[in-house]
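As written, the chains take the letters A, B, C and D, and residue 1 is the first residue of each chain.
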Amino acid sequence: MTPEALAARVGESMFAADRASRDFMQMELVSCEPGRAVMRMPVRECMLNGHLICHGGFIFTLADSTFAFACNSRNQVTVAAGCSIEFLKAGKLGDVLTCEGVEQMLQGRHGIYDMKVTNQRDEIVAMFRGKSAAITGQVIQQP
Amino acid sequence: MTPEALAARVGESMFAADRASRDFMQMELVSCEPGRAVMRMPVRECMLNGHLICHGGFIFTLADSTFAFACNSRNQVTVAAGCSIEFLKAGKLGDVLTCEGVEQMLQGRHGIYDMKVTNQRDEIVAMFRGKSAAITGQVIQQP
Amino acid sequence: MTPEALAARVGESMFAADRASRDFMQMELVSCEPGRAVMRMPVRECMLNGHLICHGGFIFTLADSTFAFACNSRNQVTVAAGCSIEFLKAGKLGDVLTCEGVEQMLQGRHGIYDMKVTNQRDEIVAMFRGKSAAITGQVIQQP
Amino acid sequence: MTPEALAARVGESMFAADRASRDFMQMELVSCEPGRAVMRMPVRECMLNGHLICHGGFIFTLADSTFAFACNSRNQVTVAAGCSIEFLKAGKLGDVLTCEGVEQMLQGRHGIYDMKVTNQRDEIVAMFRGKSAAITGQVIQQP
């Protein structure tokens, strides 16, 4: 299998099992490639806080999910070892948020991934950086 | 009104408007006091990710909500200016997570608040630190 | 040896070897107790940046050193696994900065330590949070 | 003046006044361009901690200085509003550390800058992310 085909399979398998991202948050997995993933999530009424903007926790959740797909995309089981987020613009009802996660470095078992959340007007809503640590095991069985 | 009565009123008013925390995440506002708030949230099936543990994003969301109540509890409109989180233990199906948020300092318009998320066995699940900035305006009208 | 005597010995031993903290930054190790350390550092002319205030990097350095003493104080070799800092007030020429580091939790091999940097007027200059991970080995040989 | 010439002038002016970076830490300002800066620093004996590696605080200091040059390079006075750092590899005696800081976004008065510290073997030593906020005023008088 090519790395691209493997990453796509890993993404499908993880997404099928991840009811929080898929069913509860209604995220869509747009793509999963080696060291990269893209997810999308609409801002629904149930996600608004008292200021009538999207609760920051759900923007974090979108970025954190995208991080998980990006850092596991090489089929090596990988966990988060730390993260930071900067919120830059509010998410509003009806916005469709897209998060692109990209591997910035992979050195030994540690990686750094940057997730950028934008809205449908290409404005940056948040930037999330995750540090990953590979552990033993593979995400899916390879034939 | 005493500061205690004011904080309780501010909390009730914010919570009534916050459908994300109240309805969608099913949090409970246990208490809102001057510089302090406690919230509670059960881990439900819809919140599990592919590892069958609570998605870290929802633990962040609980802590971020608690932060908002604690830093607005003096009725001065206050926004988040930064945050960091450390995840220490997984949340499991059926766990009831309690988050206590406490003001560590308030110097001019900037404050630091520490949120500690524990489970029903008093194990620490996450620690979140938020930096706040007061802006103009009051949360509720005082009689 | 009592835990108190052991922590004091660990602190002395680490400080003797740490020329960066001791000679270059001219820190003083005020105390090293189980899960707690206090260090002090004067702001000297060589530490000022172009705004004529103490370079934030040296305030970070003071807090990071204090973190190392606090988390190694039980004589278990322990390394930093992450940190965050909030700067709250400038350090000025002639200020004497004191950093107190306190263990907030120790659960298995992971700990959380909070460092608070204050000046001689008890104003908070910075707050630093460190996550630690114990590894194998002891800092000093026990008789 | 072109933006490039202006950035170079701003850099020279800031560096001349910054004795902490220039004299005490012996950094070199390699370049200052619009939204970008590069600095270099040798790891000297005085910078070693008890493990005989470069104190992490000095790596933070290098990245923080580079951040300041990059975010002020458009001649708008700009301050740090938050930062995070991940340490990835130890700095050793005799290493020459290079930090490249690049603007990732600038939206209204807020910007995000990523600093990458590498050694002379191009290994990544640390990654630092800074959030900036422009305030009123210019760094240098324009003719």
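Keep in mind that, in the parts below, contacts are C-beta pairs under 8 Å (C-beta built on N, C-alpha and C of every residue); 3 or more make two chains touch, one makes a residue touch a chain.
As the structure is a computational prediction, the values presented were derived from the model and not from experiment.
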item	value
Chain located farthest away, centre of chain D as origin (C-alpha)	B
Higher-contact pair (C-beta pairs counted), C-D versus B-D	C-D
Length of the line joining the C-alpha centres of chain B and chain D, rounded to whole Å	35
Centroid spacing, where centroids are CA-atom means, of chain C and chain D in whole angstrom	24
Residue numbers of chain A (touch at least two other chains)	82, 84, 86, 131
Residues of chain A that touch chain B when the two form their complex	14-15, 17-21, 23-25, 45-50, 54-58, 60-62, 64-65, 68, 80, 82-87
Interface residues, chain B side, partner chain C - complex	82, 84, 86, 88-89, 104-105, 107, 110, 112, 114, 123-124, 127, 129, 131
For the chain D and chain B complex, residues of the former touching the latter	81-82, 84, 131
